[in-house]
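Two complexes are shown next, each including chain A; its partner changes from chain B in the first to chain C in the second.
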Partner chain A sequence: MPTVIVNNKPVEIGPSEKLNCIQAAERAGDTIPSYCWHHDLSVVASCRMCLVEVGEKKPDGTIAMQPKLSPGCQTPVKDGTVIVSNSEKVLAAQKATLEYLLLNHPLDCPVCDQAGECGLQDYSYKYGRGYSRLQEPKNIKPDKDYIGDQITLFTDRCIMCTRCVRFTREISGTAEMQVISRGTHEEIDIFPGEPCNNKLAGNVVDLCPVGALCSKDFLYQQRVWWLKSKNSVCPGCSTGCSITVDQNEDVLYRLKPRENPQAQGSFMCDEGRFGWKYAQSDRRLTSPEQRTGGQTVSRDWDVVLSSLSTTLADLSDRKPGTFVVTISPWATVEEAYLLAKFAKDVNPNARLALGPVRTVGEDDLYPKDIHGKPSLPTRFTIRAEKCPNRRGVEAVLNHFREEVIPFTTVLHEVENGSVETLFVLGGDPEGWIGDADAAKLDKLKLLIVQDLLASAASSKAHFVLPGAAWAEKDGTFVNHNGLAQAIHRGLRGPEGSRPDGRILFELAGRSGLFHAASLRQEIASQIPELAALSVGDLGEFGVSLTSAAKTEPQPVG
Partner chain B sequence: MPINPKDIEWVEEPAMNFWESTYLPAVFDGLRTTGQHVADFHPVTEFYPEQKPDLPSHYRGVHRLNRDDKGRVKCVACMMCATACPARCIDIVAQDAPKDDPHWADRDKFPKSFVIDELKCIYCGMCEEACPVDSIELTNIFDLTGMSRQEMMFDKEKLLSVFDQTKDSAHNPVRTHKGKLGHASDFTNLHTLGPATSVRADDRSAKANSAGVIE
Partner chain C sequence: MSTFEPTLLARINKPDSQSLETYRRDGGYEGFKKALGMAPVDVINQVKDSGLRGRGGAGFPTGLKWTFLPKDHPGPIYLAINADESEPATFNNRILMEQDPHQVLEGIAISCYAIKSKKAYIYLRYEYGRSYRALKKAIEECYAAGLFGQNIHGTGFDLDVVLHRGAAAYICGEETGLIESLEGKRAWPRIKPPFPAIEGLFRKPTIVNNIETMACVKQILDRGADWFKSMGVPPDPSNPRDAGSYGPKLYCISGHVNKPGCVELPMGITARQLIDEHGGGVWKGRNAKAVVPGGISMGFLSASELDTPLDFNGPGKVGCLGLGTAAITVIDDHTSMVDVLFNCARFFAHESCGQCTPCREGTAWMHKILARIRMGEGQSRDLDLLNEVASSMGIIPGTTICGLSDGAAWPIKNAIKKFRSEFEEYIQTGRKTVKPSDALMEVH
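Let's look at the complex of A and B:
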């Protein structure tokens, strides 16, 4: 095994691994500071923050150090490479580099949105000198308010790491951003009339190590030290990007991608990043309701749930096949399992159907070439299937029933009159039923709708159960590739709504409280296809359901 | 660490003599003090509210939001005061400054709303200390009354009006950078910071006589 020596510590690396000094030092538990380097982007070695002493251990045991410092990001390691990142010489270089980066950087941290998660702030504390010797006025460049619909640029804060430029060239392929001018006049800019509006544009804000590129959506909404983060999964499409949900006092402020090589890599698309606003819209269902003949009977959770369970228990003497439960692919695995099991327990003849799976166009592959056609290798995919958990729900349905009934068949049977009772577990933020289809539901004797947003169906349902958005509940999503990832309750939903898992748990009359990890273990013991969930806690990166996906992790896309 | 017995010096009370043991000199000494007060009478009672107390200028009373030399609110909505506030009585909603308005040309961010709950406030002065642009200050107005809780929620306009009332009062000088904006919102003339951290004597880059050069 090749061995690298980092600050006198030997570190073994894999025989075919291609690492640079920063990555090798990370293995050794040391941090080499860097701005311009990002593991998913090409190397430019322009910020000079990662300068280290590099040398080689000869076979006879002597160590020959190179006389000058090398950028760690650009220096690959091999067997016998010696890296020194804590010598006087390196520390002095880091201090001088930071002083240089801060020469023209305005000290407007109080008004800057990045303050609190800023690379310059962090490294200035850790490696910098704490004061500036510059006596001249700073070189202040005018701000550019329109880089894209979602992006604004505070030009004076930029340290010219060019991460954003490389991202648009290498990952999105759209290449809207560029460096204009030379030397001290260098600025990040767009081509005139070509704004950065591609579907991955929001990532340049995350990539920016300082507060130069800011998201207009989040700008001045919150100070970042007030935000509390929970790990979650984006529900926008079946890619299932790992994200964090950032909230304060039960108000969701932003989603950020979380690095997960098995799911999507390091990025996320703007549809997911800014597409969560429905979770805080006025259309949210905020109280349970029981109706008879169009009149509200009760809006109390206890009354509604108990009368619903007695109503469903009475169904057992009805004709077989007249009770249908549809489970939307926005539901978690736990919810699908609880509802399917409850329906089968209460009425063994109950039929299970998969809710409508919304697909939009075709898979959107990045990077794109100049004609907008995807070019290989694919670095990021926005999938056409816009639901997060079709595979998970299908696995549950397959266990309880041989075939997965599509939703159109259910609607057709409702129109025929062969279905009398319909329980819909919804969750599609775009709505899962149109007015024309909702009119067909009038024929039903009993309609139960558990959903997030008010719809044509929820207004005529006999029982309405207000559920929770994905950020408000615990559970599991299985992505297109069979990767099961945990979502966590990051905030509380509007008063009156409840996490769907809790509603179904109480409806099924189970004892105790809804606990996703122990329910996962129960599911794993019951359903062989989901046996990988037996670990309970799925960890930060999730577990793969299929062994094929395990051996072949998809680095991106 | 326990005190070394060698470092302890025991001091004994001196023994009383005959007169001291009668206690009479101490009694007459006390009577003399009483007599002095009878002869030289200085009342300390103040007739509030007819007579207002003369408070020191560092007294911490009602807040005010200072204005800059253009009459705008000095606050840059950085929310440091709300972060520092132990009573969590400050609520700020920030907004980006209107880009096309020349009045706001040198500003990025300002408070759209700035509300202090004067009933929740414990008047500790942490907000004043945290403010990087010397915008929020505590005046020595102490007689704060209101008919409802809502009235005691001081919004931006009310806090600015406190500034207008008190800026010329001798007791409430605008303590710092009168009229001017603070460092953080000053873009044209950025200041060199003094050392915020101690500089080691063997710091090679600190010894260099020009920036960026390391000997």
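Let's look at the complex of A and C:
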């Protein structure tokens, strides 16, 4: 194995691995500070934060160091590469670079959104000097709130790392951002009249190592040290971007992409990033209800659930095929499994359907070329299929059901009276039923709606079960590519709502508490297509159903 | 010395020196014809044998640079001619282009043949309108005469020469800044490797050479490598990295002299000889306090260092960055070095492309410190600070992408070392050469 020596520590790298000094040092547990370098962007080696001493260990054991400093981000390592990142010379260079970066920096940390997660703060504390030797006036540059609909620029906080510029050139391809002026007067700006409003624009805020580019949505909402983060998955489309959910006191403040090479990579789209506001809207269902003839019988969870369970048990006498359960592709694997299994248990003749799969346009591929056409290689895809878990729900339905029922057929059968009881597990924030279709539901003898938001269907349901938004529950989403990822309960939903898994767990009269990891193991043992879930804990990056399926025997039939 | 016959400048100021007709009458394009009859590798070898080192500032051996191109490359290979001539007080390229454009074009044609390039770009600084017109006309003449274009002289060799005007910035003279600019981008120097010979213009192998280098190539083909090597200074045995300084060189003389101008002399002349024998002496009967050896980015020679030979090796021996463009600027003893240095710092702060943190912020900071000193608010510790900032930037310490910052650092380091007492006196006596308001205006 090729071996690199980092600050006297040997560390092995893969035989065909292409790493730079920063990455090799990370393997050895050492940090080489960096700003401009980002593994998904081209290397410019301009910030000069990552300067190190580099040398080579010769076969005879002697070490020859280069006399100059080298940028660690630009220097590839190979067998015998020697990296020194803690010598006097390196420390002096780090100190100098930081002093330069802070020369004209306003140091307005008390009012800066980035404070607490700022590259300048962290490195200054670790590698910088405690005071500035500048005696002259600082440069003053105008703030620019016009960078994008969602993006503002505090120009004098910028350290000119050009990550934002490279992102719009290399990943979105839309190239709205640029550097204007020269030398110390340089500023980030947009091309006049071309604000950075592409669908990936919000990523430049994450990429900005300092508080220069800020999200208007998040601006001045929270000090970041109050935020608590949970790993999750964006429910915005079937790409299933790995994200973190940042909340404080049960208020969701922001979503950030979480790097996952198996899922989307390093970024997320603005539809997902800003598209969660429904979860905290007053359209949420917040009261469980049992209703008869326009009268509310109960608003007590225990009463509603036990009454529902008795009602459903009585259905077994009815004509086969009149009980249909519809599970939306917004449901988690665990919820789909609990509901499908429960339905089949109470009524073996229950029929299972997949809720409406909402698609919008076509897959949206990036980067774009100057004509707005996607150019290769693709670096990011926003998928047309706007639900997070069609594949997961389908896997469950495939296991339990005998026939395929699309939702349009369900509606048709409701209309002609062949379906009498309908249980809908919803979740689509855009709504899954319009007024015209909802009118058809009047024919039903029994309508149960478990959903997040009020709808034309929930207002006429006999049972209403207020569920939870994805950020409020534990479970599993399977993305377009068969990657099963865990979502985690990051905050509590509004009072009266409950995580859907818990609702279904109690409805099914299971003993104990809903626990996603144990349920995954149960599901894996029952459903071969989901065998990979047997690990229980899906980890940070999820597990692939497809690669597991290659090693596991294929399900028969 | 009196027997030296100029070759590069031989045709300057002759009537109609720019025309193809007079150029041919003087034996023009015979060297190109000769080259076309040779194998390209033999042309390269002849240039190698001559010991020619690039005239653009870095003094890299030209023939050696050409051999860095990938072997048997299917092409295209490009020759990019650096006519940005942006180093202050440097005007030798301009004289060649304005007065004898065909000499330059013939050198370009020979070089393209040698490196198997079918396309040369001349990157000309915007301010050189006269050079632009002279080159444009000369290129048109060459196309009309079948010297450029397809299948030249029936040899199967094709050549196109494109004249491109820059938009005027010092950094466009740095070879990879030039390439970026030619590609239509901001002239931000590239990180190396890859070097241009491997991946240059439009990501293809590219040789970047200076205008004067091209004129030398033409003379070497005409007169032979031995002729070129018969002039100049052999390698310094005490410096293993010195490859010698051969051939004629165009020296520019400016500043406080009676007769500024550009002269051609064998390499190795001293600053004193240039001033006294060719520049008519220091003006107003004064003495030289300092001399810039070859563009301000090389630093300063003090009055006691004026006998330093101005070859590639000489200026380095007295602490200068190098020979640079061999353009001397004479500073008389009535001039304040504080003012001189302020002016240098202002130039580099203005011209830093702004990519690398140490150069972007360091050059501007040094400018601000010097402005403050000139306002009478200097402290002696400022000199150490200036020195520290200057020492922290450049490709020599490895902290920046290009050599602009070494050039920005060198005058500061040289001035503080060689003229420290003048700076200290200036600071201690609280002298002001400028009203504070003016000094501030100059910074912002």
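Keep this in mind: the second predicted complex is superposed on the first by the 544 of 557 C-alpha atoms of A that agree within 3 Å, B and C clash if a C-alpha of one lies under 4 Å from a C-alpha of the other, contacts with A are read in each partner's own complex, and residues count from 1 in each chain.
What we mean here is this: a residue touches a chain if its C-beta (ideal position, glycine included) is under 8 Å from a C-beta of that chain, and two chains touch if they have at least 3 such contacts.
Just so it is clear, the structure is predicted and the values come from calculations on it, not from any experiment.
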First, second, both or neither for A:225, with chain B first and chain C second: first
Chain B versus chain C as contact partner of A:437, first or second or both or neither: neither
Contacts of A:160 with chain B and chain C, given as first, second, both or neither: second
Partner chain(s) touched by A:103 [first = chain B, second = chain C, both, neither]: both
First (chain B), second (chain C), both or neither touched by A:88: first
Touched partner set for A:135, first chain B, second chain C, both or neither: both
First (chain B), second (chain C), both or neither touched by A:69: second
Doubly contacted residues of chain A, that is, touched by chain B and again by chain C: 92-93, 96, 100, 103, 133-135
Of chain A, residues touching chain C in the complex: 43-49, 51, 66, 68-71, 74, 92-93, 96-97, 100-101, 103-104, 133-136, 139, 159-160, 179, 181-186
Complex interface listing, chain B residues touching chain A: 76-80, 83, 94-96, 99, 108-109, 132-133, 183-185, 187-197, 199, 203-206, 211-212, 214
Chain A-facing residues of chain C, complex: 169, 186, 191, 349-358, 360-365, 368-369, 371-372, 385, 392, 395-401, 443
In the complex with chain B, residue positions of chain A that touch it: 88, 92-93, 95-96, 99-100, 103, 106-111, 115, 129-135, 137-138, 140, 143, 145, 154, 156, 219-221, 223, 225-226
